[in-house]
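Paired with subunit B in one complex and with subunit C in the other, subunit A is shared by the two complexes that follow.
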Partner chain A sequence: MSVSALSRAPSSRRVLLIALSTLLIALVLGMEQLAPLFRALFPDQDPAMYQRESFLNLTLAHLALVLVSSLISVSVGVAAGLFVTRPAGREFEPLVSTLAAIGQTFPPAAVLAIVVPVAGFGFVPTLVALVLYGLLPVVQNTVAGLGTVPAQTLEAARGNGMSAWQILWRIELPLAMRVIIAGVRVSVIINIGTATIGSTVGAKTLGTPIIAGLVGNNLPYVIQGAVLVGLLAIVTDLAFERLEQRFSFGASGAAS
Partner chain B sequence: MIELQGLTKRYGDTRVVDDISLTVEQGEFCVLIGPSGCGKSTTLKMINRLIAHSEGKILVGGDDITTLPPERLRRRIGYAIQSIGLFPHWRVADNIATVPRLLKWPSSRIAARVDELLALFQLDADGLHDKYPHQLSGGQAQRVGVARALAADPDVLLMDEPFGAVDPLTRDTLQAELARVHRQTGKTIVFVTHDMDEALRLASRVALLNAGQLVQYDRPAELLVAPANDFVRDFIGRADLGLKLLSRRRVEEYCRPAQRTRNNAIASAPITWQVDADDRPMALLGGRLGESDIARTVVNPEWIATPEMSMKEALSRMVWFRVTALPVLDNEGRLLGEVTMSGVMGHRS
Partner chain C sequence: MSVSHVPTSDAASPRLVANRVLVTLLCAGLLAAWLLPFATMSPNRLASGQTVGLGEALSAWQLSAFLALWAVLAIAALRRPLPRGLAHGVVLLASLGLLLITLYSLGDYAQRTLVERSPSARVSQGSAFWVMVFCCALAAIDAFQRASSGWLLRLGYMLIAGGSVAMLFASGHFDELSIMREYTNIRDKFADQFITHLVLVGSALGPALLIGIPLGLLAHRHVRLQGTLFSVLNFFQTIPSIALFALLIAPLSALGNAFPLLGEWGVKGIGAVPAIIALVMYALLPVVRNTYAGLKGVPPATVEAARGMGMTARQVLWRVEIPLALPVMLSGLRIVTVQAIGLTVVAALIGAGGLGAFIFQGLGQYAIDLVLLGAIPTIVLAVIADFTLQMLVVLSKPASTRR
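Right after this comes the complex of A and B.
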């Protein structure tokens, strides 16, 4: 990674990332401090502040769900992408792409409806839905990223005596990393939003106050949950943007 | 030393390389040339097993290449392709260190070898060591590619149209540099090109291929004066055959003793050189086109010849300056002899 690749990142994006992260942490820890504000805005609502669970606990539970589901999506997705781009697995490419696409066309709510009778309520069915939902962008971008490695670069690697493993680890993966991370970024962002639906089947997430607000006709609850989920998604997106830039080489990096 | 014995490559029923046998001796610069699709690149890639051969045998340094694991074989053989083959995410130094790292050399030895190669290719200035390939000019990237191929000091170097993607001026410089590196290192080089001038300039032996078959394998001069058939004659290009031949010849082969005089007097010979006390030529007496024999032409530093100069260049200077002879000078500027227009015609190889 070149030093210039870092300095190319516009510093305003960095300031934005730091500012929004600070805001997110402040809100997670100190949402209760805003109780007077919500009471003033919604005088008819009582209570105007979600208090059944601390926002810190909800956020941590939400993050745990996203983290575990993303780890599974990424490991399975990258592995599948690698498999279908190797000589042995090439014929499975259409099959794997179709399966991943089906996973995403299924609405997460429908997945929950199918999994709940099998796995019960709570964390597990939500996890299954998120994993299926997050798989496609990872598989797609892994295949696409490996496809961007120039044939001549691969020939040079082979001609210089690298083994298939060495070519994969030293050449293909580093060069495909920017595109793969872009896929992971999409997958994680989708899952941060989609995880809120897990609260309909009893998983503890930032969707819990939203669902409670919708059921109990309490707008402040909905706002408190939605603001945190939205901020979390934006902060994560900005962080991934910086990570991607670390892996731009050559023309694509110079252009950014 | 590389030996191809009855080498054949079949794709289905098509024989893209058909029963080629040739030997590249130690230190030889062998150029594989031919029209596109003649199998020259395929032949090259079979030597380091990037392509598996169908029939025949390839020996590198006496070993049948199929007896070695392909990776081990390739680490023993340098391989250079067009500049795009550099690894874009590695710095220049890392690119050059590719094979030494695969061979697990100690890092101090790798660093020393990288510096040595950067110096050999005149890349040691401007902090190029830490630059990335996209920050290099085409010529620099190409030098790095060749340096990488030489990094582990292989006896054999394979080059697949390495200068195909650079502009003509840079290509000229790179060719001169490669010729120098070949002289300095004594590597055995197999080089693929479709450019006859490049082949004649670099090769000690040329293998001309057509439709997968070896048409002629000879020294460049033999190819020019004794082409095996009309295909060879056509491929070389009939029009400037004479000039191509002269581009392979050096002035010293044509240099003849010069007639000298210390004063302005006209000597008996039609071309006489007026020299100073140190034997440096000052003027040419006679030998000027379209003027009388007594014309005196002051020697111009532009129209002299040196023993290493190609006869093509010497002839070009004669034509340009409208003289029928050039003085041949040694390093100190002393008169060694002369090359003349009639001498160019008279010399038979």
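Right after this comes the complex of A and C.
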């Protein structure tokens, strides 16, 4: 998924990241100040500003959902990836990799819908769907990242008398970290999007004003929610791009 | 790097179990059958249902067939007596058998209930049913990987399995299930929305390829363009689908209002046009990236040789570069198709129709069957598209490198 190696000079990306995150924070805190603008643009809409909930609360709820689900996905996903690359679990590796690949062809919105009969409406089903879906890229990239560690490097480490734990912590994980983080990046970005759709099953997210606007034919609501969630996703992606670069050691095992 | 065979080197410590994956799946399946409901039964459409276990739902012969197949699978997982090659074949057949028994029993239970209870009773599939179907599929996939079988065998197995399930459906065996009765109610609408879904996906893929492939060529020829191009396309891909759909509403409705002629062509805030534009924007990155990667993978020596033979630039492109880049370009098409099938679900929120319409309508009315009627076909469609295009990718490779 990584295009970072091809992107422009890092300094301009940093400026972009700072500028967009400032814009995001300003909009989250001060969207109400733009009320005159929305009233001028949409004179026919009576409440031209979403007021059932503050945008700060919506953003925090959205972030909480993504953060909790991503923490679970990452810990379970990395653990699963580690298990299937150790001698004890190697037998499960082909199946787990295939499962992660097939699972990602399932549309996130469909996964969200299928969880509802099992888990009901609201925060919980959205969380379950986000965790399930977010797991897959993490598992896939953990396996791929650990697979890029050269066999000679492992041989050399063993020859130096390192234990299996030491090899894992000091050699394998640091070398695989960039690819693992790329997987976490994909997982988090997808989760930000799926959490938005989560408002259709009753979770409070930045998608709530969008859905309210679509249902009530109120375009300003739609724009307010969509701009915030779009910015949130882009800022998160740029931040992950910088994080990935921090872990690149020249060797770049690309995981698609 | 994939471990396709069970390591036999540790023969010094003979193990009883040769296939621990299968044992895990069998335990999970049995545990689910024992603890979770196989089906739910409610007196009518709106009443909440009571759960029905496997033992209660299956008739005597079905239960014995189920246990017999389970036992066959358990034996196949052991190191002895079956030789490995034979064991994989047995697993493939037995897991297909188990899948069909599970499906058949559910339909049969629904039919019996309607006769014994009341015609208005509703029978739905329970969680144990899903776990068992899932375990059967995983056991078959695992067996294929262990046997490191070729694509022809996989294709044949998929066709047989899909064909048997389709025949069960076509014979009307499932007609008494709650979800199928819901389907009968909306049969015409379902066909319409299904076609709308496909049309939306198709009309997004066309422009995406028409724009994306030349852009990929451009990125390959002009290195300086790459950074900006990929950054912009990555931006599109990052924006959550619902936000991108929604953000297109305002400019398009303004455009439709300003130019009534455009409005007559369907350029307005909601509906198919913003959906298709958003789908194209999402599809561009994989198409451009894979076109670029495919062309970049063509060995420079090959291009040199073609030029040396006196081919023109156009001939080199069409006869050498594109054929060699085709597998990578087709895997881009695969990503894009699967992605577009999924994103079209969300397009239903802006009035574009498609299978997502059932999902969101069902969520609004808490009609779970309706939700599943939207979600399951979408998933099946995505998996079929993925599998078909994967086959195409394999076939587009030179015969010597196929596997």
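The definition used in the following text is that the second predicted complex is superposed on the first by the 235 of 256 C-alpha atoms of A that agree within 3 Å, B and C clash if a C-alpha of one lies under 4 Å from a C-alpha of the other, contacts with A are read in each partner's own complex, and residues count from 1 in each chain.
Keep this in mind: contacts are C-beta pairs under 8 Å (C-beta built on N, C-alpha and C of every residue); 3 or more make two chains touch, one makes a residue touch a chain.
Note that the structure is predicted; figures quoted are calculated from it, not measured.
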Which of the two partners, first being subunit B and second being subunit C, lies in contact with A:Val188: first, second, both, or neither? neither
Going by the contact rule set out at the top, does A:Leu24 touch subunit B (first), subunit C (second), both, or neither? neither
For A:Leu175, decide between first (touching subunit B), second (touching subunit C), both and neither. first
Have a look and say if subunit B or subunit C is in touch with more residues of subunit A. C
Let me test your reading of the model: by the given contact rule, A:Ala156 touches which partner, first (subunit B), second (subunit C), both or neither? first
A:Val138 in the overlay: touching subunit B, subunit C, both, or neither? Say first, second, both or neither. neither
With both complexes superposed on chain A, which partner does A:Ala129 reach: first (subunit B), second (subunit C), both or neither? neither
Touching residues of subunit B toward subunit A in the complex: what are they? 48, 50, 71-75, 79, 81-82, 84-89, 98-99, 102, 132-134, 148-149, 158
Seen from subunit A, its contact residues with subunit C in the complex are 3, 6-8, 90-95, 97-99, 102, 105-110, 113-114, 116-118, 121, 147, 189, 192-193, 196-197, 200-201, 207, 210-211, 213-214, 219, 222-223, 225-227, 229-230, 233-234, 237
As the complex stands, subunit C meets subunit A at residues 1-4, 6, 19-21, 24, 127, 138, 141-142, 145-146, 226-228, 230-231, 234-235, 238-244, 246-247, 249-250, 253, 269, 289, 338, 341-343, 345-346, 349-350, 356, 359-360, 362-363, 366, 368, 371-372, 374-376, 378-379, 382-383, 385-386
How about subunit A: which of its residues touch subunit B in the complex? 1-2, 150, 152-153, 155-163, 166, 171, 174-175, 249-251, 253-254
